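Okay, so chain A shows up in both of these, paired with chain B first and chain C after.
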Partner chain A sequence: MTTAVEFLNVSRHFGSIRAVDGVTLNIAEGTFFAMLGPSGSGKTTCLRLISGFEQPTGGQIRIFGQDCIDVPPNRRNVNTVFQDYALFPHMNVRDNVAYGLMVKGVDKRTRLSRADELLALVKLDHHGSRKPGELSGGQRQRVALARALINEPRVLLLDEPLGALDLKLREAMQDELKALQQRLGITFVFVTHDQGEALSMADQVAVFSEGQIAQIGTPAEIYEKPRTRFVADFVGSSNVLSAEMAAGFGGAARPASLRPEAVRIVEEGACVRGRVQALRYLGSGTRVIVAVPGGELSVFVTKGLPVPAQGAEVGLNWDAQAMHPMEQG
Partner chain B sequence: MRSDNRPPLILTAGAIAGLLFLHLPILLIFLYAFTTDERTYQFPPPGLTTQWFAVAWNRADIWPPLYLSLRVAALSTVMALILGTLCAAAMARSRFFGRDQISLLIILPIALPGIITGMSLRSAFSIMDVPFSTWTILMGHATFCIVIVFNNAVARFRRLSGSIVEASLDLGANGFQTFRHVILPNLGSALLAGGMLAFALSFDEVIVTTFTAGQQSTLPIWMLNELVRPRQRPVTNVVAIVVFVTTFVPILIAYYLTRGGSETAGGGK
Partner chain C sequence: MTLAADPARDPGHDGVQPSGAILPARGLGDRVSAVFWRHPNVLLATLLALPLLWLVVVYLGSLAALLMQSFYSIDEFSGQIRREFTLSTYAELLRPANMDIIIRTVAMSAAVTLGAVVIAFPIAYFAARYARGHWKALFYLGVMLPLWSSYLVKVYAWKLILAREGIITWATDGIGASAVLNGILALPVIGGNSLSTSYIGTWLVFLYVWLPYMILPMQAALERVPQSMLEASADLGASRWQTMQTVVFPLALPGIIAGSIFTFSLTMGDYIIPQIVGSSRRFIGQAVYQLQGTAGNIPLAAAFAVIPIVIMLIYLTVARRKGAFDAL
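Coming up: the complex of A and B.
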């Protein structure tokens, strides 16, 4: 598989602030790659390093094998969907979408018919003559997408594109983006702080923390085998066990993650016993918070199984391999 | 919706009186352009005539000041458009040490009394041995014209999403194409408004011009001189109508162009 984007020990320091600090990563062609992390973790700076709006202070960046340190943004075959969409307010939707072809000198008829094709692709066929100000947030998002696709980029960069949408629309757009990426087969690099979004859409996820990559892997690897406490905390509502607790439960004396759905409520053969602190009904099941010696554990009880009462004493048990040891930090 | 909290009658009357006080004199100026009496402004005018327009048209001493005023206003507007826009672009796009202070310095000339601007420019010109000419007038006018354009442009820059410039570059446009297709169309009406106001301000400026003009006189200064001697007085009123129209129309257009949104059109002067 060809490598679309390659970072070799890339840094971007702003004075004493290390926005990106020694990042090495490979994005294979045709993958949906998510950069996940809290704000200020360096994920957006990484995206801007790919688009060319930031220059690294150290390391090498290659796009399809080509070193691109000195290539300005307008000469890179990557396009960006901006967080605030950045649509041109004075142009109608068709002209916005056709902009990339216009500046290349493509004649008006060709570029407008191409713009119409892309608008059809994002299901906005009949909105071509409107101005961006007349569109809803979701529609603007689609225009931004169509506009970024018109130059047929080999890599599409998306900077928190769904951040401004409400929940329902966001979920619909997640499905659509994923489908679109599979249909077009181009590489998507997607920046988000929403772990659910990253896990459900991406083929590969890089979790950023303080300018560095905390972990890189498939969503399943990230979710099930978090490498550090930070990843476990950030990616999901996992139980993070201290080294002492892990040792007490028969694991190695290292911090460990334990998924709530791996924990069973049992009568006999319990690893640990505790009192039910709180119950939270989630629809597909119930989250039970159990106070145990040394902390508390979150247990996910699937719908249909008996849910203990609040204040009841319960025994908990899990398979030894469900407890995943992590690095310190 | 019915407005239940009407203002007290006295406030309404006061407001109307205030507005009349401000605007009736202007109407009187118009009226006296048509009077048959050429020496005194007696009320009511003894008779009405349009002969003064013809007289004004044929007076040779009106034309040079008019041309000078138009030339100065046009040139200082062009200068203000270029420099003011560049200033605004710098202030809006980058953050640097002393940015707010520089921004204040740019705006300062409009807050300074014209007489101070005029005196300081005059002494500066004489220290540097710069002879008074159209160019010295122009520089005096540019001090406040730049501010007008700057204020309008900076407000528009602030309202524009900064990433549209990046979006344009991202889509393959070069710097010139970005300016031509993205920045200019979005800045256009703000620049037009700023330019028209600058033109109007420059056209009827008196104080700074008095200090920087030397032997030449612009139209407002010609009028000032003309009022002193009681010969063909209504001609001055005819010229006043011309000045009024040349400055009021651009201001009106500027007002409509920047209406809505938090844009500053006048900026104080």
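Coming up: the complex of A and C.
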């Protein structure tokens, strides 16, 4: 498979701040790649390094094998959907979408008919003559998407594209984006701080922490086998067991992650006993926080199973292989 | 409502008297603000009464008086004003000598505005996009500082700078460029004996004096253009020049128009600068000054004064039609 984007030990330092620090990654052509991390973890800077709005202070960046140090953004065949959409307020929707063709000198009739095709693709057929200010957030997002696709980029970059939308719309757009990516076959690189979004949409996820990549893998790998405490904490709400606890429960003497849904509440044969501290109703089930010796464990009780009362003493139990050993630290 | 709640039922506030759901008014201020809260229109009326009075009576009233005067005429023999409606005063504006004044003034205002746009744009762009912290403070200081000193002092200073014996002549001589200066001064119409007695000189001084009024609105407009919009343009393949033409300029246009209203109308109304610096040919401001003073021809002075207003109205209408305010 062809590599669409390749980072070789890339760094971007702003003075003493190491926004991106020695990142190496490969994004295969046609994948939906998510860069996941908290704010300030370097994921957006990485995206801007691909688009050319930032220049690396060290390392190499290749797009489809071509070294792109010193190549300005307007000469890179990648396009971006900006977080604030950055639609031009003085142009109507059609002109916004056709902008990429206009600056290339494509004649008006061709570029507007192409803009109409893309507006149809994002289901905004009849909004071409409106100004961006007259559209809703979700519609603006579609316009930004259509505009970024008109130049037929080889890589589409999306900077927190769903961040400004409300929950319902966000979920609908997740499905649409995924379907669109599969249909077009373009490599999507997508920055988000929302782990649910990254896991549900991406083929590959890179988890960023303090300018470095903490782990790269498929969503399942990231979720089920977090390599570090940071990944376990950030992706989902895994329990992190200390080395002693893990050893005590029959695992290796290393810190381990334990998914809340792998923990069962039992009467007999408990690995550990504790007192219920808090209950959080989640609809599909209830999250039970149990205080145990050495910390607290989060337990997910599926809907239909009995939920213990607050303050009750319960026994907990899980399969030894549910504990996933992690690196120290 | 019980103000004195049972302390035993309120263990959280040990010793502190718990308050009721409604707090007592704390004097007149609270009562007045309550009235305003119940009747927002009263607040609006209170706030607007004085400014509106000023605007309607003093401002629009005098403007109406001016307009009325321009429809009167002057008796050629007695020099008395005939208070009857006539368009003869406006017809008088069409005399070649008066038309010259109008054309001269409009051309100068347009040239000053154009020059101001060209010079102000890079300064405003720098201030809006790159200046931060101290640099921004320095920018504001640099732009505003000239406004703090007396207008007359600045104009006379310029007269000395531009004079035949002034620093510009001296400097061009020093670098052996006096041929260039003489070449410029030898240009027809805009040239002259020296910079201080030519249209170029008048233009330079106007440009200097009104430049801040162009820079500030332009900078405010450019400041509102988010960085991501410029990035989006580059991202879609636009060169810097294309971004400038298709994104930055249209978005800055309302600011440019606002600035040009200042530079244009201030130049059209000014009567001091062309009197001190430039050829002795008259501008509208000077004509108004002389007509209402020494000549005592108030109707013609009023008719002259209406011209800048009409021109500004036409200018704004055209700008609006052309979509200059679409980005607002």
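The rule is simple: the second predicted complex is superposed on the first by the 329 of 329 C-alpha atoms of A that agree within 3 Å, B and C clash if a C-alpha of one lies under 4 Å from a C-alpha of the other, contacts with A are read in each partner's own complex, and residues count from 1 in each chain.
One rule holds for everything that comes next: a contact is a pair of C-beta atoms (placed from the backbone, for glycine too) under 8 Å apart; a residue touches a chain by one contact, two chains touch by 3 or more.
What you are looking at is a predicted structure, and each value in this text was computed from that prediction instead of being measured.
After alignment on the shared chain A, the placement of chain B and chain C results in a clash. Once chain A of one complex is fitted onto chain A of the other, the partner contacts of A:79 extend to both chain B and chain C.
Once the two complexes are laid over each other on the shared chain, residue contacts for A:304 go to neither chain B nor chain C. By the touch criterion stated above, A:53 is placed in contact with chain B and with chain C alike. Applying the stated contact rule after C-alpha superposition, one finds that A:103 touches each of chain B and chain C. Looking at the shared chain after the overlay, A:185 reaches neither chain B nor chain C.
Across the options 3-11, 21-29, 111-119 or 183-191, chain C meets chain B in a clash only at 111-119, per the superposition defined above. Overlap of the chain B and chain C interfaces on chain A: residues 51, 53, 72-75, 79-80, 82-84, 86-90, 99-100, 102-104, 147-148, 150-151. Chain A makes touch with chain C in their complex at residues 51-53, 72-75, 78-80, 82-84, 86-90, 99-100, 102-104, 131, 147-148, 150-151.
For chain C in complex with chain A, the touching residues are 226, 228-229, 231-239, 242, 246-247, 250-251, 323, 326-327.
On the side of chain A, the complex with chain B involves touching residues 51, 53, 72-75, 79-80, 82-84, 86-90, 99-100, 102-104, 147-148, 150-151.
Within the complex formed with chain A, the residues of chain B that make contact are 160-161, 163-164, 166-174, 177, 181-182, 185-186.
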